[in-house]
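Both complexes shown next keep subunit A, but they swap its partner, so subunit B is in the first and subunit C is in the second.
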Partner chain A sequence: MAEFEVAATLDITPDVCPITFVKTKLKLEQLKEGEILEVLLNDGEPIQNVPRSVKGEGHKIVLVEKLDGKYRLLIQRG
Partner chain B sequence: MTIDYNELKKGGFLRQRQKDTFIVRFRSIAGNLTSDQLRKLADLADTYGKGYVHVTTRQGAEIPWVKINDYDNMKKEITNYGLTTGTCGPRIRTVVACPGLEVCQNGLTNSRACAEELDKAFFGRPVPMKTKIGICGCPNSCSKPQENDIGLVGVIDPVLIEDKCIGCGLCERVCPGKAIEMVDGKPVLNRKRCLFEGNCISSCPVDAWEETRRGYLLYVGGKIGRLPVLGKVAAEFLQEDEVIEAVERTISAFERLGQQGERIADTVARVGLDAFKEEINILDIESKSADTGTEQESEVG
Partner chain C sequence: MLSFTEEQIIRYSRHIILPEVGGEGQKKINEGKVLVIGTGGLGSPVAFYLAAAGVGTLGIIDDDVVDLSNLQRQILHSTKDIGRPKVESAEEKLKALNPDIDVVVYRERLTSRNMMEIISGYDVIVDGTDNFSTRFVTNDACVMAGKPFVHGGILKFSGQAMTIVPGEGPCFRCIFKEPPQQGSVPSCSQAGVLGVLAGTIGVIQATEVLKYLLGKGELLVGRLLTYDALAMKFREVQVKKNPSCPICGENPTITELVDYELPACSIQDNKPFK
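This part shows the complex of A and B:
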């Protein structure tokens, strides 16, 4: 898989719903269309909700990677 | 004057603990009251009650402290205002509903509109024992349909388009029922565990999960009270235009099978879920939806 060029990184592992999504959304809005945001998030509630909310807002998840107890998402701004 | 308490109860006037004093119950449709209705409720509470409104757990509003002598005047005002009173006793009660897909991010079905139809078709109908209906727009079940005699839960049925899948494993993680397992890099769905919530569909980055159908699960025999029971699934993927028919049949099955003093929960416990389902003739409704798929019109409803 081609490596993506990450424009910004966001760590939402210390946060809970709905801040997890709010932070992701705000960060994405700072990017230009097509740029990639890297998000680190926890297993459980955040991984259940953040991807679908991001997708619902018209962005594209281009990579999901499982790290130790957490996840790394690469989201392309839509 | 002679007071017909049953007539009063039917119209939402409930006897209060204090002599000659009533609680007047109003109903909302799917939990919504317009600002106009709220202003009128406020006026009524000031004029006939003690200036407050009690919000009930079943999305109703009650004005306590109404004096029996005010009954006629208040009744007139209620009618003129276009407010709708609630009911109690052995009748179909207010349909409780969540907002559903109109406003909720998770919503799969339009529970608000469906509640309106149910209200129109069934509210206040006399039945052997009080019968409550609840509906929600997804398995999150915010309006708790499973604790109603008849419950409806919006659901969606996922199918995997294997060619599209990139094997990222996200759906395995997001599935609330742990129904998806990655086997050799591809997701495998255990349909017995599927909650029909569609989180796989809404999360998959490449849209490899698609919707095959959506509709309602029908739950029968839930109740709270002293001995709470959760309703059991009697039918899957009822289409919107089949809901009224299915509820109608559930009520008439209860009328035929129910014994003195039983709620639907008691009848289902006594005769068994399968016998109750047979009496509803749910298979008949189901086979229609199975034959016709998602989009087609059904004859019922």
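This part shows the complex of A and C:
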């Protein structure tokens, strides 16, 4: 697996939709184009919705990793 | 750097989600300074929605007190507010809706004397007046100061709105050269107004303000939007800058602000704002 340099990390496991996406979006706005954001999120609604919404705004999902009961997402700012 | 509190993230989440807004756009709204002239029919929905949107500094000016006959359309005020200054009643509702914002209160009448000083602190000026004198003087002042002015007006079953951005399109005087002759146009108290019109037009004005602050979309510049509630039809009238406009034309003849001697709202009911 390729290694990515993570510019920032965000834990949205305490949040529910749509705040999960809102926080992800706000964090991505703070990054420069091409930088990677690491996001920890829950199974279910968050993993179904957040990647789709993020892609809809022109960012790239570079990694989805299933951890114990949650997910680790790497998003490259578009 | 964008920094929102947890509460702000939740409060403004439906804005931030919008691709055209985002955190950056919401910051622009939060940093916006808007003056709403009048806290009556139009001013109520304008100020209410702008407060909800998080406009950081909301100036409200009105020297009137709440009257029972206002409550059919001036939704910032309640029955218990009758007799209270409108700005005081309005401030209370706006702060209750959004404690995040600063409400700057002017309990006075906007005239040629205080106009320039008051508008100087704001990014956008909103027309919520019911009298032609204030409307024309505000238009002139906004042209002189280069401030955008969002016009709105309602009467009977009709309303209209237009945004004036000095230098980019016509001003109010390009279309309506001067105030109508006294008595030629009835006021709301003489002719009546369907209360809900204030909401329809006021919300269009608030939309224009938010678009201006965000720098998104097409403003009603050079487009007079008219609304007929009975027919339920909107019309758009293309309007051009008048090269001989006395205030924004090539050779302006108005070089200083002048008030017009016009009764505000009929002879019995001489109130500056509705």
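Details
Just so we're on the same page, the second predicted complex is superposed on the first by the 78 of 78 C-alpha atoms of A that agree within 3 Å, B and C clash if a C-alpha of one lies under 4 Å from a C-alpha of the other, contacts with A are read in each partner's own complex, and residues count from 1 in each chain.
We adopt the following convention: a residue touches a chain if its C-beta (ideal position, glycine included) is under 8 Å from a C-beta of that chain, and two chains touch if they have at least 3 such contacts.
Note that the structure is predicted; figures quoted are calculated from it, not measured.
Within the superposed three-chain model, A:Leu31 lies out of touch with both subunit B and subunit C [touch as defined at top]. Using the contact criterion defined above for the overlaid structures, shared-chain residue A:Leu40 touches neither subunit B nor subunit C, since it reaches no partner. When both complexes are overlaid on chain A, the residue A:Ile19 reaches subunit C alone and has no touch with subunit B.
Residue contacts after overlaying the shared chain place A:Ala7 against neither subunit B nor subunit C. Applying the stated contact rule after C-alpha superposition, one finds that A:Lys60 touches subunit B and leaves subunit C untouched. Put simply, subunit A uses residues 53, 56 to touch subunit B in one complex and subunit C in the other. Within the complex, the subunit A residues that touch subunit B are 43, 47-48, 51-53, 55-56, 60-64, 66, 71. Per the touch definition, subunit B reaches subunit A in the complex via residues 105, 168-170, 173-174, 176, 199, 202-203, 205. Contact residues of subunit C toward subunit A in the complex are 1-2, 4, 9-10, 13, 16-17, 19, 22-24. The touching residues of subunit A, counted against subunit C in their complex, run 18-19, 21-23, 25-26, 29-30, 53, 56-57.
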